[in-house]
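Presented below are the structures under discussion, each in the form of structure tokens.
After this come two complexes, each holding subunit A, first together with subunit B and then together with subunit C.
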Partner chain A sequence: MALLSFTLSPESLGKFHDALVCLGKFSEVVCIEAVHDKLILTALNSSKSAYASFTFLGNKFFNKYHFRGSTSNKNGSRDKFNCKIYNKALVSVFKGRVLDPTREKDIGVEKCDVSIEDGDGKVKSRFIVKTMCRHGVLKSYRLTFEAVAPMHALFVKESAYNYWKISSKTLREFVEHFGPGTEQLDVYSEEGRVSFTSYTEKIMSGNEILKQPLQTTIAIDTVEFSKFTVEEKLHIVISVKDFKSIIGHAGINNTEVSARYSHPSSPMQITYIVEGIQSEFILMTIGESRAGSATPVPNGSRASSKRPAPRQALEAASSSIRAANMVMPPPPASAAPNVHREASKSKVVRPSPPPPQPSIQPDALFFPDPDGDRRWDPVDFDEEEDEMLLWDAGSDTDVGRVNSGQRLKNTESQNQRSFASNIVSAQYGADDLLPPTQILAPTQRISEVHGMFD
Partner chain B sequence: MSTAGEVGPGPPIFKAVSSSARQLFQLLNCIRFAPKVQIAISNEGLRFSVEESRVLQGVVFLDKALFTSYNCILPVAAADGEDLEFSTADLPNFQISLSALLETLQIFGAVDASSARFSKPDNDGYGSNIRRDRSNAFSNQALGMAGICRLSYAGNGSPFSIILEEASVTTTCNLNTYEPESPEEIPFQRDAIQVKIIMQSRWLFDAISELSSTTPTRLDIAAVPNAPFFSLSAVGHLGSASVDFTKGRDLLETFTVSERWSQSYKFEMIKAAGDAMRLASKVSVRGDEQGVLSLQFMVEIEGGGVSFVDFRFVPFLIEDEVDDDSQEGSEDGNDDVEAEA
Partner chain C sequence: MRFKTSVRNIQTFSKLTASLSSLGKVAWVRLDDDIVRFTIIPETGTQVWASLSVESIFEDYTIQSAAPNNTINLELPLPPLHRALKSALNASSASIRLTKKDGIPVLSLTIITNTISSGNSANGFLNNANSDPFGDNVFREENLDANTGRDREAIVTQDIPVRVLTADSVEGIHEPRVREPDAHIMLPSLMQLKAISDRFTKLALSTAPGGTRGGSAASTSKLELAANMHGSLKLSISTDALNISSVWTGLNNPELDPRQAIDDEDPAEHPSAKLKAAGPDAWSTVRIDGRDWGRVLSVGRLGGRVVACFSNEHALILYVYLPSYDNADESVLTVRFSNLRM
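After this line comes the complex of A and B, so read on.
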């Protein structure tokens, strides 16, 4: 005897499929939860920073919906059934193919019966889907599932004082403009204008630019929103990908999308209702580690090195997704605390334009601020060997350093040397009176240095 | 080289001209599961056969009617005999690289519409519901600029030449020929056919692509005289799936089976026929008493006429095993009754 059985019409099959596709963008498994009057499908992404749930109302969405406990005994009957199935399997099973009467050869779906059996030894536990197609083709699937209770994300509505509501179609038009490579989405409102900014920060590894900074801002008048009560000048940052997945689903239905949130690093809830389906998404917002900066992408794009990577923030934040509040964790200390590292960071942040020559650029990170350099500047380096030339050049200013670089034959060795001199300064920092002959020669190519620029 | 020398002075033993390399490509693309194709030339046409591990065989026969001109001067010994008496062994027989042949045939973009998909034929067919090789309105074919394709073969040891001409561009390709292997054909007992079904090829394709979602290794095919008539099922690690053609009489053009016939085949092998399933209009599914499955696809050629693509499959040896999924199936039926009540 089936624990749960329900029937989908071709139209609702299509919607069910859409929901599964949307869930598939969050996680590769779907958690199914059935109670007496509704079926809930949820997905939580691997970093636990985004949660999606679709609630299908038994009497509204399905042609037939019947849930019964595993035993007829009313005390023993379960009031809930949970399982977990690979989304990939479900998506292919519920592939909604619209019946097109003009194409006689096509096998369109006429009816889809789903039942779940969870026997205690007698019957095999299977998720059974029987799809009746035209011409009497019957497709049946018996999927295995894992009986696991789903993880739900909680959202405290009361504390979310920011609220807006907008048509899903309008929102979809905006989302289409977000750059394909962008990662974060910043929502900001000021004086009756709401800006949705999708952006990517510059990521560099050595001289190689891994990611170009990109920013797309769409400004909308608050009139476009059917409801809008949001704190002025509040930046809230979520993942563009998640937002796109949501709007991708909401946009195919004509509905109103509501968003609720409080402040950065607290979750944001996005909800909408399409006939018989309640959709709810909870997204972690990225913590505001740059409270002072007013624009999502500061002019000095290299300031990214100052901030912890957004992913890290997300992951850290996600651990407390259930909690309404959390404190932004400090930037992860990947390397041992290093005076020069700290110093270099402080230098990066200063709003000066980048050095004109890219080969010089890494110096900015490796060199401590010029004052520090000067402090350790040995006077007699002129008389030393060739490899010490750079040190000499670095004695004065950045310009002097550039000149010395030009004296060298190729930029590669130049980089090496500047790196060497960096080590030199570090050495001096440790014990300052080493004779110059014991200074370390360059041992590592600059291209081998990882993790210092991000 | 010496053998080539023998034939060299005379005219090539085979020459044919086709007005459309596309047709040839479409048909040959159906059997592109093996690296080499064996070609046998006869007075009636060209026979292309490929095989894999001696359990799967695909044959495309290009009838001479597909060519605008077709000349075949068979070696003297063979020509003396009666035409119909030829066994393939006596005919000019050689192997060439199938992928090279296909690349050549589409050198002018014979398949422009589908070239993107060309590299991944397993791509689910639903994006390409419409016949995927259909030419678009501005293709060269539609504009009447169709290229001419000349095939020739001088004789044993010489290359198989393909000359393609299109809009004053001529490409000459000489494909090296290899010694023929003479694998035995998969024996199919025409006098001991136990099941014969003719149906829309599209439906078979649909069923197979549906089943492939469970990533199975084995495909079970069953045909019974009453409902569910014809059933394809597969078991994968995510569960099992089956497609039943329950309205046998309406759905299946011909359905002849005297008693339950059921066999299993390697799923990947059946999938190798996917391109043919998609391209063909009808398929004849036949099984003999040894379980050899023959799928014969009827492909409608643009501009009238039909061609056939044949596949033969050797079944898995059936051991005494508890087929738990058929058990499940029967239990399942009972449950359904309960659910209805």
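After this line comes the complex of A and C, so read on.
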């Protein structure tokens, strides 16, 4: 019996696909969470500096939505279903919209039924998509998933005293002005003018100067905003790539985008609602770059928010993760060298985009992990390749990683991997793991393979 | 040192930068009282010397420097400039000035553009398009103070990093002198020429030994270009597998500009006169890289007339005469190809 089933109309299929594409810009795995009246898709990027979530309302977005809390689980009735799927798989499965209008007639989708089966060994755990197309063509997909609880970023609205709201179309126009290659976006307002600046903070000299990406500032009047209450002369800096990803999705819909934030190094929340879909993004903001690395001291009004210090206010984790942490077995032996290696690397400069190391505040957006701020460690790609060679490490965690597609990504950060291995131990069952044969070492070197005529 | 100007014709400037940025990533820009010159000298490939009258792209032009003619030399990355101008395509105005930001010299492009304002007018745009042209709403009543509601301005500033070059550092760079051409001919429609050339280049690449991705041997496709002084242009490739050529006839061999002729030379002694006398079967030929050629032909978007000058087995020079503004001095873009050895 299906644990969850829902039906998408061709239009909602397109929107579902758009959301997946947007989530794909944050992470290559998407976490799916179903409760009786809604379906939530989330993604958390590898540096845990950006979180994206789409909530599809059961009665508004879907043609049919039915969640059947099963009683077969050991914990009694299940009021929630969680799983994690490789985003690319979902994106290709839910690709309903055909860009070429002349071909639409032939392969147009009429409806799309999705069901999730999850059982204790009797039923295979599968994510099943059946797409009904014109001319009676039926496409079915059965995807495996990993049953894990997602990470949620929490945002304390009460302490975010800066708020603005603006048309998504206007934001899209702005984003189009931003050239490629910049890393940060600074939002600043003074005397009724708001400026969005996309820039990259790099020290270059000589010929290198010419490689500095285009710096773009867009200055508009606050009247452009339908609501605007923001502290004067406050610089708030987020990753321009994340902002582009968000506006890339928001801009295709005609809606109003709201942003809430407090001060640098505290998270920013961006939300908008499109017909039955609530979109929420939580982005880490970068500390004031010119103020050095000192943590801003919260003033009286800020400190009077619900929680005493901003650090606590920013901590966030789903309760299930907390629970998982409590029942979690001690970390596998292989984790120890990992920690050691991370420590030895903490001084290397991060090679790729956001956010620059010196500006990072110790305050974390997400549940603090035991490694402290090593989450911002640079990714060492060479190191990672060594890791990839350890096919036959043989530990359970490796099996889990193969299953969740983590192994496929060789730019994964250290943290994400430790997160993945934590998660694996919280799995519900083993029946969605790949058969162990799939992780056997290759038996022949490529160089030994000869062609027919060699 | 001061430089500040409005962009008179954003479209033209943008097309120019589009063409230039496909030919090289960095340009040397020389600005003075009358002329704006863009020079691209890549390590390999084609050289471009574009010389434009200030009026053809700029207006309200102010330039000031200690050098004669108020010359300012800049090293400018072309892709960012082109990207920046893209923002200006729908702008109501755009201006450029040379300034310093955070210690780095930049060309700052300030664009004033109207935004689709939030609220109802965001829909209005689309709704209008769908509305019945004969319905009651054709003459939609507008609010008197429409300016406050709809025409909201956004000021976009695009900062392009530049290097200000000293006069000494560019002193030694001169437009190379090439020997007098044997043939000069007006090219046919660049669009057509480009389509055929690209097709040839593709064929040459795919039939070259080693296949399409067969290393360095296949990475240059030699396109053979030839012209006579009787209105014909020939484009051909030859590989082990095939020989193809296209011939255009009835083209114009323009008269040489008497002002540029060398005084003490008899016009009849000019190489082109000799080639002409040799009849329609006498060709002047050069071999060039097909992909280079394809990139150069993208200057076709500027809509200029193009005269190709051939120096047999030596060089090919294209003069692209850009449509001028106000009958001012013509702006010319000069592209030089060196002959490739067989």
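Quick note on the criterion: the second predicted complex is superposed on the first by the 267 of 454 C-alpha atoms of A that agree within 3 Å, B and C clash if a C-alpha of one lies under 4 Å from a C-alpha of the other, contacts with A are read in each partner's own complex, and residues count from 1 in each chain.
Keep this in mind: a contact is a pair of C-beta atoms (placed from the backbone, for glycine too) under 8 Å apart; a residue touches a chain by one contact, two chains touch by 3 or more.
Please read all numbers here as calculations on a predicted model, not as lab measurements.
Aligning the two structures on subunit A places subunit B and subunit C in clashing positions. When the two structures are aligned on the shared chain, A:D221 is found in touch with subunit C, with no touch to subunit B.
Contacts of A:E256 after superposition: subunit C is touched, whereas subunit B is not reached. By the touch criterion defined above, A:T229 lies against neither subunit B nor subunit C after alignment on the C-alpha atoms of chain A.
Legend: residue contacts after superposition of the two complexes on their common chain; A:F174 is shown touching subunit C, with no touch to subunit B.
Of the two partner chains, subunit B is the only one that A:A89 touches; subunit C does not reach it. In the superposed model, A:L210 lies in contact with subunit C only, and not with subunit B. By the touch criterion stated above, A:I166 is placed in contact with subunit C alone, subunit B being left untouched.
The intersection of subunit A residues touching subunit B with those touching subunit C, taken from the two complexes, is empty. Per the touch definition, subunit B reaches subunit A in the complex via residues 126, 129, 200, 202-203, 206-207, 210, 213-214, 228, 238-248, 250-251, 325, 328-329, 331-332, 335-336, 338-339. Touching subunit B in their complex are the following residues of subunit A: 1-2, 5, 66, 86, 88-89, 92-93, 95, 97, 105-107, 113, 115, 117, 123-124, 126-128, 130, 135-144.
Taken together, the subunit C residues at the contact with subunit A in this complex read 26, 75-77, 80, 83-84, 87, 101, 104, 106, 115-119, 122-123, 148, 152-163. Looking at the complex, you find that subunit A touches subunit C at residues 166-167, 169-170, 173-174, 176-177, 179-180, 207, 209-221, 223-226, 254, 256.
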